[in-house]
């Protein structure tokens, strides 16, 4: 949560840098990487929203990521309208999230059991799509492709211009723009009364219900929004990488959780930063020549040790650490009252 | 609203946990404008009974009627939205929010934001915690958190207020003020208080219901009930005849 | 008739496999409420321990039944002292930290032993039933699973060790008041759970081979089976293994093995929705 003007300034400057400066000056590889990072970043945002603010730890958020990707590819191959396909994909992801959410929240499923169910759903999709090789597994013009995924997904075009698929540089801009828009949407959502109630439910579900707020509806709402965002991330991913069952698998879901732990549960920017940093680290570790002492820089080993240490020592993640560092500096300079978690929300603005 | 009809009614309310009968076929009624105290020794079943009234526990058999309509099986949120304010035994509050935010959330369910803000300020003044408005609830003392919880209960102006041990952990001054607040509240709706603190009971009680071994042992005007020898026996451990 | 017989045998094998793969995790979850996400890697380490010591000349059965559990049990004690001990009561954090440990172990084994698949062929030949055959080794696993569960029940029920374990499981503070050191019980429990996982990992190694990432195949299934089973270590794991294994086998025979897996997962989802605390959260609550 960026609680200070400084924080908002940094986010705005980063967005401007990414959207305007980079496309002029960076090379193609950087921009393609940037697109991938951005699409994962949107996925990270979706889990950050439900985990950090609604207290819903889903181990299978990547399920909606994959649904978005597959739905886009299938729709785009069957209709000639990629904009429509993107809309269909996001709707499909949102609908699936609503369905699963209804199933879980009306059953009062929470904590570990919610983690199991969401993980299982994601794995069901992963295993299922993995075995869709063969000609009978085709939807209209779209072969599902088994573990290889869907070949040649149509690249997205501008709404009125169906014969011009966007080049990678513009996909990059689209991806970053989507990330920024999703961030703003989350901020907006949390600033409404709906958002304040969601946070209250996470704080103390019993009390929220005793105040007359039916937590099932609020959890369903925020879970559906997050599902839609994950679906949008899937659409982006389909356009800059390719659609495959790996989108649903255990590894993707695990990575997602690692980004958020490292970046900071309970913030929006943290997980995105954690995502970028971790991806860069993984990339670097992948390119290192693994010989001699450097052989110990195995990506799994490094990530694993990092994750364990963060959980043990820096449970709140990097961003809150940085923020509390600033706060301590600020309070050394002038007095600051205690900041509550609903700062800058509708409830706070009521003062 | 003071038409004297029954605001809350329990009919044949029973709760079994495995082989243990915690509440045994209890009939109970509270009218508008009533202030009722539920007392009884530990294990008498009053907390269980209370939780069935608030919807936190489902009865094994029997019915609970709010304004004539059955509320058994309804989710807690629904019961609360029907005009019931509930304060639990262990303070159930939002530690990470400020006092004002908490009360605003409570008031805001049924009001527009302008009216909710007004109501919040009113409630904070009524509870005498305006000076704590910007403090984080989690940082307050136990007694203060109880008051904040009470403020949250009171803010949406419920018809029926259920309080489970509201005086626990409060200072002498806070308790006096609490007594006045509760008596005030009973004027516009009805209040049911579960309590252990006898001094507090004597101060606020008009009508008292005594629980023992899952049943109602005695019920009536406070002075009579508290003087009843059977009630005294039950508290001192002798067999009630 | 032969087909029916083979289906029954396959059913037993599938259930036994699921039970074996899950029991180590169930011990730790049932006793300490700890979800050990490194459980898959304990299986993997058990497999490596067995295969490496076998290649070094040690008799296969000793490698499987002695070496593997001891090695992995030791690893378990180490991890419990270093990491798990600090996270008791924090279920989600334990899951995350053990997930980290799992990745670290995969990385470690990759660095030390490399990425290639090692294996040994299953001993004991196969049983022929009419036109069909099933490995005798797989049938042995059914017997081992039964023996393991029986042994577990006997220990928990009839030994003072089991009594201490059950006491600590029910009420930590009370046990401490009675002079039993809960942290020692937990350390021992984690070690036992790890050792059992090492054993089962070694047992399945001849069937599937070992590679650093083999744990990932099992953790999801084990996790799902244990949670669906509920709190009772033995009854819960048995119950969910039978149910989920049964669904798996049935659908595998009617359709394809992969769809059988999908059906297993789907059955778990439905089960958890109906019984949110697992099977033994609702039925057989007093069971072991």
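Order of writing sets the labels: A, B and C. Residues in every chain begin at 1.
In this section, contacts are C-beta pairs under 8 Å (C-beta built on N, C-alpha and C of every residue); 3 or more make two chains touch, one makes a residue touch a chain.
Predicted model only: the values in this text are computed from it and were never measured.
Student: So, comparing C-alpha centroids, which chain is the farthest one from chain A?
Tutor: It is B whose centre lies farthest from that of chain A.
Student: By CA centroids, point me to the most central chain in this structure.
Tutor: Chain nearest the overall C-alpha centroid, as shown: A.
Student: What is the distance, in whole Å, between the centres of chain A and chain B, each centre taken as the mean of its C-alpha atoms?
Tutor: 44
Student: Quick check: how many Å separate the C-alpha centres of chain B and chain C?
Tutor: A distance of 49 Å separates the two centres.
Student: From the C-alpha centre of chain A to that of chain C, how far is it in Å?
Tutor: 33
Student: Touching residues of chain A toward chain C in the complex: what are they?
Tutor: Going through chain A, the ones touching chain C are 57, 103-104, 107-109, 111-113, 115-117, 119-121, 123-124, 127-128, 130-131, 250-251, 254, 257, 261, 295-296, 298-312, 315.
Student: How about chain B: which of its residues touch chain A in the complex?
Tutor: Checking each residue of chain B against chain A gives 54, 75-78, 80-81, 85-86, 88, 92-98, 100-101, 104-106, 108-110, 113, 116-117, 120, 134-136, 139, 149, 152-153, 156.
Student: Mind listing the chain C positions that touch chain A in their complex?
Tutor: 35, 83, 86-87, 91-93, 95-97, 99-108, 110-111, 216, 219-220, 223-224, 227-228, 256, 258-259, 261-262, 265-266, 268-269, 272-273, 276-277
Student: Under the touch definition given earlier, write down the residues of chain A that touch chain B in their complex.
Tutor: Checking each residue of chain A against chain B gives 193, 196-197, 199-200, 203-204, 206-216, 337-338, 340-342, 346-348, 350-351.
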